[in-house]
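In the two assemblies presented below, subunit A is common to both, partnered first by subunit B and then by subunit C.
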Partner chain A sequence: MKLVKILLMTMLVTVIGFESQAQEKLTGQQIIENVYYRETGNDATSDLTMTLINSRGSERVREIKQFSKDYGKEEKSIMFFLSPADVRNTSFMNWSYDQAGRDDDQWIYLPALKKVKRISSDSKSDYFMGSDFTYDDLGDRHPSEDTHKLLREEKLNGEDCYVVESIPKEKGYMYSRTVTWVIKDKWIGMKKEFYDEDGDHLKTLSVEKYDKIDGYWVILHSEMHNVQKDHRTIMNLKNVQINIGIDDGMFTERMMKRGL
Partner chain B sequence: MKCPKNKHLIWSAAALVMILIVTAFFFDRMVENSRMETDLDEYMPYDHPAFIFSDQAEDMFNIKDGILIAVENKGGIYNPATLKKIKDLTRALQQMKEIHKDDVTSLYTAENIVGTEEGLDVKDFYSSIPKTEDALQKLRDDVRNNEMVYKRLVSENEEITLIVAEIADDVFTIEFYHEILDLAKSYEGPEILHVAGVPIVEGTLAYLAPKDMMIMVPIVIAVIILVLYFVMRSVRNTIFTLLVVLFSTIWAFGLMAVFGIPIYSVSTMIPVMLIAIGVADGIHLYSHLDLFLFEHPNANKIDAVKDMIKGMWKPIAMTSVTTAIGFISLLTSDVYPIKYFGVFTAFGVMMAMVFSLVLIPAAIIVFGLPRRKAHKEKSKEESGELAYKFADGAVKFKALVISVTAIIIVASIIGINEVWINSSFLDKFEKDSDIVLTDAFINQHFGGTNTINVILDSEEYDKFKDPDVQRLIDKMQSDVESIDVVGNSFSLADYLKRMNKVMHADDEAYNIIPGSHDLIAQYLLLYEMSGDPENLWKVVDYDYKQANVNVQLKSDNSKEINRAIEILEKYRSEFSDLGVNLNYAGSGYKALIFSDLILEGQIKSLLISLLLIIILLSLMFRKLSIGFIGSIPIVITAAISFGLMGLLDIPLSTTTALISSIAVGIGIDYAVHFIERYKIYALESGDKSLTIKETMHHSGRAISFNAMVVIAGFLVLLFSVFPPNRSLGALVSLNMFTSFLGTVTIMFLVLYKSNVYFKKKNSAKHKDGNN
Partner chain C sequence: MVTKLIKTTLMFIMMTPMIGAQDLFLSGYARTYLGALTTGESDYSIIQNTFDLNFEHSRGDVYFKVNPFLYHYSDDELELGFRQAYMDLYFDSFDIRIGKQQIVWGKGDGVFITDIVSPKDMREFLLPEFSEIRVGVTSLKFNYYSGNSTFELVWIPVFTPTQMPDENSIWSIKPNYPLPYSIDYSNSDVKNKLSNSEIFAKYSLLSSEIDFEIMAGYSWDDDPTFHSEKILNPANGIVDSVILKPEHHRLATLGGSFSTTIGPVVLRGEGAYYNGKHFQSTNPKYSDGTEEKDYIHYLLGIDYSIGDLKLSTQFIQQAILDYNDYLLNDEFENTMTFLASMDFLRETLNVELFSYIGLDNGDALVRPKVTYDFIDGFQIQLGANLFFGDEGQFGRFDKNDMIYTKIKYSF
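Right, the complex of A and B next:
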């Protein structure tokens, strides 16, 4: 019996090993698609702490409660500021669309003005709330917008990674290229380097902590470092809940005004 | 008889060779190790509180001087070709290694905060080149509707647009300067490109000033040689007098190089001082020798040299030591280049003394006595006659001399209070020079080529989200913008007003500071979401504890900057009531403080050296009265130098302010030689009338020669194409002239009236009364 068990184990290991070898044949394109289409659940809520640190080491901390829901062709999210006190109850809603070329719709509610305002963004290369992340960096960029190439495979922080280089098809995009370290099997981009229009190193994204929550891989702690300005943004997620059935009424102007 | 003669010869030859060897060594050091310090920041006293503050603020808000490139198209800038040029030139500047990408601002990089019917939008004016009529018209409307850009980056007539490239102080080089000019040139046609801004003005100055000096200095030296020859009538005397100056200059610069001290622009004043002071020693020595040979036509060279040294070593040593101490008093200055200037000029003066007392006698022994020209005796008699007449005349018209002096002193005291230093770089150029015209052109169409930064700071977090504080900033801005010299100003208040307006559907009634702290905070959050928050950090810090108000000026003239500061100062107490401190930063402000420090330090050091000189002279002549009499030429020279500038409203510059140091060096020279001679004749003859005549003949003659030589040399600079060099020439000449005149008139009269060195005071007084 024992022998059979051992044999079975060996076979299993072999099969898994064979399978992962087969995966190594993936193209850069497929790898990035696997990251983009990684299952994240239908809806999610979490507490986001965003810490901005400038080159002098000054810090600004914002606490945000956020909700998001995937409608297939569109994704809606809403965030409520908890602190600092002077922006408390300011809310921000974003609807993004799968359709190529369609801009996000964005609204902001300023409690001091008691009005909901549309803010239109020219492009997804806008920075997200004064952070070092653009909307694209936060996972919004469609794989078809770049040409991907698998450079090599290597170990990073003890994880086996694909190293993929992506070059935008659009001329004059804010990055001339990016290089991503994708963890095999988990399809998490663990590290990403961004190069500006002139080919100079601009930013580095490092994912410090990720976990499987309710069956989905979730990035819990990440840091974006703009090396040219020596400015950093740390995103920290807590109280992550997935597939709790968020009501559609959450993503409305009425909700923005009402607050939490 | 032959043995000592040979001994003298060997020692003299040895001394000459030694001096040559050491000079060769210093010359080698000077050539190998000297470097010009062109970075103006290196001059600044880092430990001065105003500078520490300004440097911190510059770092905090990324305050740098901007190179301004104006792209002009007479047919208007809103066409695809010009817009492409703006984009391409912006990109080219961003790619230069001296320029940080984010430090280039143009219509291409600027962001447009606009109100839409529903809300707010922050976007580029253009990224790809607009080609259709509609797109071009839209761009035109966008610019016209945005007061943060209209008239700041695009001129009102829409024919000119600015590209601003800010650079750090330390990256500027002459090569970079030419690179920028070449780059701009390559984009010309049909557009005209104008390059201006503080770094360009400084660069042009750093390029032109030495170029002009290279042409002028040889002419100055040639004229000095000619006039020296004219007064000395001997090639050999002329050469050795000049060698004294040349060697002392080489030793001074050589020693600087040995200590690794770079050549600052004020260091160029060292040879100026050494020429003015150094030729004096030679002239006095040779003049004494001439008179000795005149009286003893058959004397041999050893006796002649012995008499020369015996008669002259004391006054030469006295003048050199006192002059050196006068220059060393510049150590009290806060500015390092000026400390160095003082110390190394003092060293040069002491070396000039050594060379005069060693080189000149040794040369006579080795090369023989100067050949005498046939017509010399006649001219000597003539000069004697002139001196006698002058001495008598001065005594005769003493009332006139004293009253004229009194008037000059009173006028100078009034003038001195008006003296100011102009730290302007632009004012150093001709009014019709390209650089001045370009600057005026840009100032005519835009906010201003110069900036002063008002730095507001508070201990409290989020202080600058307080509407009261922002309203006061806004009020201060509109107040300061009301004077001509201020074209524009820019601060966080401008962002807040713009946002408030666009969030209220572009209603002009809302072009005011938002009403509450929370609304300001929420607007700022909104701006961070939509625009590039990096722009905010140029006007406020991360914690909203400090703010930077940019005030754009159309001039870098110190008086004009001070007019703006006067208005800003009115707000100091109001800000203080709100718990906010007001300070200034930026290169223009630092230059202003710097020039005040120089003027203050110069006057302080003049007073200290005057005091030291009075003490030294009193000790040397063992008479307190001589101390005061001997300081008269210094006081007269310095008073007239500063007083005249004040009365005529001619500003000094950081270098010309130092020229008043000549007053110390030359004034003391003239006074000591004159008094020493007076003392010798007085004690010898006991006859006052004879004494003044002989003194005037002996010292007065040498002094007038000295003044003549230097004045002639420096007057050449009046023909310079470079205004600062013209003022240098005029000021040196003026100082030499007033020193000379002060010595032979008022000091001479005071000496005469004071009866020092005449024991029979009663009879002298009696005699005096008869005159």
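Right, the complex of A and C next:
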């Protein structure tokens, strides 16, 4: 009888606990953490096509095959550049860590030099392959690097969203603030506005297509528009496969040199 | 030989459509390279057209690559060859590569310390692209992998020396002899026999904290030593000329390199100890004018960025051990390299300055260049090779200042 009482008490406490968490209004910090830590599977592979469009409308296309694997506190990823022809067989490997403040480890293999070179990951404000995305924009920026504030809740493209403002703690960072529209039940940043150091609107990221693949939400098509220079970069993801059991050997110097 | 190469290349090109269905991958580039000396003291100029092809094919765990090249010069001279032609066999934890291949070791940039497996093509000094300076060697390479460690073993059955410039080339280095000399090449070849093989081994680790390599080699010195034979004048018994006999010697090497990140800076180092190197000497104890000495060669370098500007610098030192004053080489040779590079226009325009600076003779090679990607895969480059100083490894080419342009189409 005593055991039944204890079990009932435990169930009640558990139910009350869930209800109070659901009713509790999330903070900006929690929302951005939910986006950052959104489940993406243990490993994934996809084909990325990046189209760079300048103000005159001329296009340059970069094609990449990418693999990533989550090791808990560490995530490893490798990219193989397929085109244009002069960067073919170049590969880039990144090991990132959950630990706040710990820099990523990065290497690049340049086929002309036939050498894997360690590079510094300090320049996260660098633009990735001439695109409108910086390394930070691509998801590397840890939530602890900004102060987040929930501004409001509103509908965008038929989705209920949280609108969160993020202000960098680091002085002199390339953005003075960003504003993100986060889809409530999916934890996808559907739209993000970037403001430069002077507070002027610099870029807008728009997610055009997302889908649930193998049980995980994946952004399939997005566009970054630099409104000041009228540049655009379109990211298109195809052949997405999740939890296929990518071998640890994929994230090694051997594969960087060998390529696909 | 040339005809045979042309036939082989044509055969590959003709075979492409046939094998195409089976995923033969063809890539490469066509390049026009125009260069002119700026000193006005020589009519030397470069008009070179290059055609470089890569044929690749894989089936399961077997892969092959053939990389023929063709240089066409203004006088209609053709130069053909295979930069690489090899086959890979992939297994779970090891790979085997057999054939002509370029092998690159070490963490240094533009310096050859542990990077001594593939010999160099020095016919145009250090000016060509590194993929063109390194000569492929026919070899067997075995790589064993365990986690992030790699053990590599290379066996080179046939020795290939450094390719030196012709005697009439502006890049040729004349032996520094006060007496008239002639050159006898009879000892310069290393015979093709098993006991004359070269062997290299390397262990490397790539890890979060540090990347490093440890290597050893039992090889031939790629550069020959000029032994001298004095010729006496029968009339007066005085030495009035010498015969120089270039000869390659066995060289044992032990070295290593590392690369690590300290905050925003990448710190690199590389060093090697060479046993069996021969140097020219005036020591009367050695009648052939050479003396065997061990020496060390090392560098320390850093890579860092200031905003979008990427910078890299290296300090390099060569030191002859157990030095004596009879040796013609200096005991120490100190060099620095400096690289500054910046991208503009969404990485379509690159401005770069690379320089070697000889600290002992105050000489330098400064190489500014601007590269613009007109469209993807179509590149225009303008650059200059400027030599400063009167002596030293760069100053000796002071009259070879050059401006050039390269137009390259990659496919």
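What we mean here is this: the second predicted complex is superposed on the first by the 235 of 260 C-alpha atoms of A that agree within 3 Å, B and C clash if a C-alpha of one lies under 4 Å from a C-alpha of the other, contacts with A are read in each partner's own complex, and residues count from 1 in each chain.
Just so it is clear, a residue touches a chain if its C-beta (ideal position, glycine included) is under 8 Å from a C-beta of that chain, and two chains touch if they have at least 3 such contacts.
All values reported here derive from a predicted model rather than from experimental measurement.
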Please tell me, clash or fit, for subunit B and subunit C sharing subunit A in the overlay.
-> clash
In the superposed arrangement, does A:G172 touch subunit B (first), subunit C (second), both or neither?
-> first
Determine, under the contact definition given at the top, whether A:M129 touches first (subunit B), second (subunit C), both, or neither.
-> both
Once the structures are superposed on A, label A:D103 by its partner contacts, choosing first (subunit B), second (subunit C), both or neither.
-> second
For A:R254, decide between first (touching subunit B), second (touching subunit C), both and neither.
-> second
After lining up the shared chain so the two structures overlap, which partner does A:A112 touch, if you call subunit B first and subunit C second: first, second, both or neither?
-> both
After superposition on the shared chain, which partner residues are touched by A:W95: those of subunit B (first), subunit C (second), both, or neither?
-> second
Who does A:D198 touch here: subunit B (first), subunit C (second), both, or neither?
-> first
Check the residue A:R56 against both partner chains and state whether it touches subunit B (first), subunit C (second), both, or neither.
-> first
Just one of 315-323, 423-431, 459-467 or 657-665 in subunit B hits subunit C in the overlay; which is it?
-> 459-467
Check: subunit A residues flagged as touching subunit B and also subunit C 54, 60, 84, 86, 107, 112-113, 115, 117-122, 126-127, 129-130
Subunit A residues touching subunit B - in the complex, by the definition given at the top = 54, 56, 58, 60, 81, 84, 86-87, 90, 92, 107-108, 110-113, 115, 117-122, 126-130, 172, 196, 198, 228-229
In the complex formed with subunit C, which residues of subunit A make contact?
-> 52, 54, 60-61, 83-86, 88, 95, 103, 105, 107, 112-123, 126-127, 129-131, 231, 249, 252-254, 258
Sort out for me which residues of subunit C touch subunit A in the complex.
-> 27, 29, 88, 90, 95, 102-104, 107, 129-131, 134, 143, 145, 147-148, 150, 204, 206, 208, 211, 259-261, 263-266, 303-305, 308, 343, 346-348, 373, 375-377, 379, 408, 410-411
Per the touch rule, the subunit B residues reaching subunit A in their complex are 60, 94-95, 101-102, 116, 118-121, 123-124, 127-128, 462, 465, 503, 514, 516-519, 521-523, 525-526, 528-530, 532-534, 537, 541-543
